[in-house]
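Two complexes follow with chain A in common, the first pairing it with chain B and the second with chain C.
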Partner chain A sequence: MTTKPSVSWQKNPALAWREIDDATVIISPTDSVMHELNDTGSFLWKNIDGRRSAAELAGLLAESYEVSPDVALTDTQALLDEMSTRKLVVPIPATGGDLR
Partner chain B sequence: MTTSAAVGATPVMDRLISRTVRKHQPLSVHFDLTYRCNERCVHCYLDHDDHGELSTAECLAVINELAQAGTLFLTFSGGEIFLRPDLYEILAEARRLHFDISLKTNALLVTPERAERLREFGVRRVQISVYSDIPEVHDAITKVPGSLQRTLAAIPLLLEQGLQVKLACPLMRENLLAYRGVMDLAEKIGVPYVLDLTITPMMDGNEGPLAHRIPVSSLLPVMQDPKLHACMPQPTAEAALAMQEYPAAIGSAVSSGIDSEAYEDLPCSAGHNSCYISPYGDVYPCVQLPQAAGNLRRKRFNDIWYHAPQLERLRGVRESQLPVCSRCEIRSYCERCPGLALMEGGDLLGAYERACELAEQKARLAGVTEPISALHKEQVAKLMQATIENDSASVIANSGSH
Partner chain C sequence: MSAPDANAGGGRQQQFEFSIGCVPFQLRMSDARLYRDASLRYAAFTEASSQPIHIALNDHSIAGSQPADFAYDFEGAVLRADSCKIRFDGVRNEYALDSLLRILLSWKLSDRNGFLLHAATVVRNGKAYVFTGRSGAGKSTVASLSPKGSVLTDEISLLRRENGEWRAYGTPFWGEFRAAGSNTSAPVRGIFRLLQAPENRRTSLRPVEMIRTLLPNVLFFSSESEANRRLLEIVGQAAEEMPGYELAFRKDPAFWEVLPA
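Let's turn to the complex of A and B:
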């Protein structure tokens, strides 16, 4: 699965979650599976707000973790894809964008 | 940074417990919303009155404070929670704050509409008390005719909504012989169950409920039952499947965590990463440890949780330093509870009869020859000493009389 630039991301509203130390623990009430994100994943999780696209999230990541924009975008897209597969995040049409 | 590095490996729960114990983060909170109840169970440790329950606004403020403190697992219980007319408001706020929500109920008031609302509010688990599969036995304990039928009728309504249901069966004199029936019933419905041997005094110290407790000697058939290993928490079918699908990644079945080795030398989670809140706002380390650390009408949760002397003292307790129990040779068979030690033995750090008897029985079943707890060893030594002193006194007295 690839992340279209015109898609923004939001947390699945059905989930329970908390930040604990540098990690984020997420529980899906529908299947009782517990997920854990490390500090980088938690950073992205915190910034997934229903408005930002993968590129915008990668920009924040590159700035905070001092990695190149290309690396940040690759990692961000990979993580979003995995979280999407696990139904932790859901894509929504970005404001003003389209979903071709 | 890669995807595999961004997600943690299992076991997630152990790490979660280690972290929260180390930081004293209140990971898990049991919040009784009311002590009022529509059943009158013979063994219940609560009165059934309202002595000034927290208002809706106060309940919402409490759970906001818990969210700020980092609580993830929030269990609403009672009394009977459906007697709170504001239950949905409280659940909605808990949902908004992203708690993992569990409920404990007798399910008498569950309707299709209410079950649907629970799902909408993100409730994950519902634990239901079932004392027997025989209506006469169950209803005699709850003192509500027809209660088993109504409770059982609620279970499919909850399951249809995708909620996890677990049966809880406290064992007492009245239903000892019915436990197999509850196990079979749970298997037939396809839900997990737990048998609980703990019957405690009432919160005010009244020992009335203890009259219903089964003597350890009568528990032998239960303790020997090979079917009881099934009481261990099992992942749901969905969770097991998810773990198979993502073997190296972030999935892990949510367990109670109670048996985690992450607690190491701590007696239990109480006061370390879990606590209990009464309907009146009193904060306790545990529902079974009646030492109020403070009241949420007068202090903020964090002030109580991090600074109450009762909790600080409790956090200093280590199993290896308990005055009697640390010397016990059958400690590994013991399920000593600090709260019961206080309520039954009068000493949070002490040994108490029931735990010692149960440990000896378990050790015996495991093949230990003549197991004896440190408490009983001390009692025998004292008795022998007293006998020797009496004998000596008799000898002296007798020799003096000749």
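Let's turn to the complex of A and C:
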């Protein structure tokens, strides 16, 4: 799956999450599965707000972690794809409504 | 334990009051056998309270049309809870009753800064040492290697944060369904993730390692988002505030030598 630039992302509202140390721990209540995001994943998670696209999130990542925009975009898209596969995030089109 | 009560349809209604981890319950039932079994199993936890959580056990006179705040089906025994009352239906034996009690307690504790954990707890010098791990990790072994009377539970521990302090409580939930435990508590000295090994060794765990250890061993049965958020907040706080260790141990009491005083 590849993220589309026009899509913004929101956290799955059914989830419970908490930051601890440099990680984010997420529980999926429906299947009692625990997920853990590393430092970079946690940074993205904090900034996923239902409005920002992958490109915008990558811009924030590049700024904070001093990586090139291309690398940041590749990493961001890979992380969003992974989180989407695990149903941690949900894509929503720029015009509103979600894509589920 | 209180005296038999008035008849409420069917058999003679009796009630039994007890408290686990300072969470008070009152069981009302008309089944004499279940009453006797519950009285024996929870004898050490008998305690009257002015505001217990009322549980109607197999009371067919109560209509159940209202949507439940929380419901759980355990092998045909059903727990239904709403703001007014709690019902256990289809309870045929003490095993089913015990299971529904654990489920109810886990739900009630999330509003009281607490949770149930697969863990043995041993009190030494007034402090609680909590040994956690999955089945086979060594909880029962650790309990059996500890002095008689010092073990609060060998199977399921109850942890609560009270006035800024974490305390471990005894529970009646013991391995192999033994009727044991004491209704006492002690401040937690540490949580120890068990690992059976040829040598005794203690290693500190970071909070993120602690939450990784705790969450799979927490008893929790709600799939409701808000309840899971509360639970994660409490367990996260526990991971940050209680000292956590991995305890590699061999099967003899010498493992106590590597534990913090």
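The criterion applied here is as follows: the second predicted complex is superposed on the first by the 94 of 100 C-alpha atoms of A that agree within 3 Å, B and C clash if a C-alpha of one lies under 4 Å from a C-alpha of the other, contacts with A are read in each partner's own complex, and residues count from 1 in each chain.
The rule is short, and it goes like this: a residue touches a chain if its C-beta (ideal position, glycine included) is under 8 Å from a C-beta of that chain, and two chains touch if they have at least 3 such contacts.
Predicted model only: the values in this text are computed from it and were never measured.
Undergrad: Tell me which touches more residues of chain A here: chain C or chain B.
TA: B
Undergrad: Have a look at where A:Glu36 lands relative to chain B and chain C in the superposition and call it first, second, both or neither.
TA: In the superposition, A:Glu36 touches chain B and chain C alike.
Undergrad: Is A:Asp75 touching the first partner chain B, the second partner chain C, both, or neither of them?
TA: The first partner, chain B, only.
Undergrad: Touch test for A:Tyr65: chain B only (first), chain C only (second), both, or neither?
TA: first
Undergrad: Where on chain A do the contacts from chain B and from chain C line up?
TA: Overlap of chain B and chain C footprints on chain A: residues 14-18, 20-21, 23, 25, 27, 29-30, 32, 34, 36.
Undergrad: Across the complex, what residues on chain B touch chain A?
TA: Listed in rising order, the residues of chain B that touch chain A are 1-3, 5-8, 12-13, 15-16, 19-20, 23, 25, 27, 70-72, 98-101, 122-125, 162, 164, 235-236, 238-239, 241-243, 246, 249-254.
Undergrad: Note which residues of chain C are touching chain A in the complex, please.
TA: Chain C residues touching chain A: 206-208, 211-212, 215-216, 220, 222-225, 227-229, 231-233, 236, 239-240.
Undergrad: Mind pulling up the chain A residues that touch chain B in the complex?
TA: Where chain A meets chain B, its residues are 14-21, 23, 25, 27, 29-38, 40-41, 44, 61, 65, 67, 71-72, 75, 78-79, 81-82, 86.
Undergrad: List the residues on chain A that touch chain C in their complex, please.
TA: 13-18, 20-23, 25, 27, 29-30, 32, 34, 36
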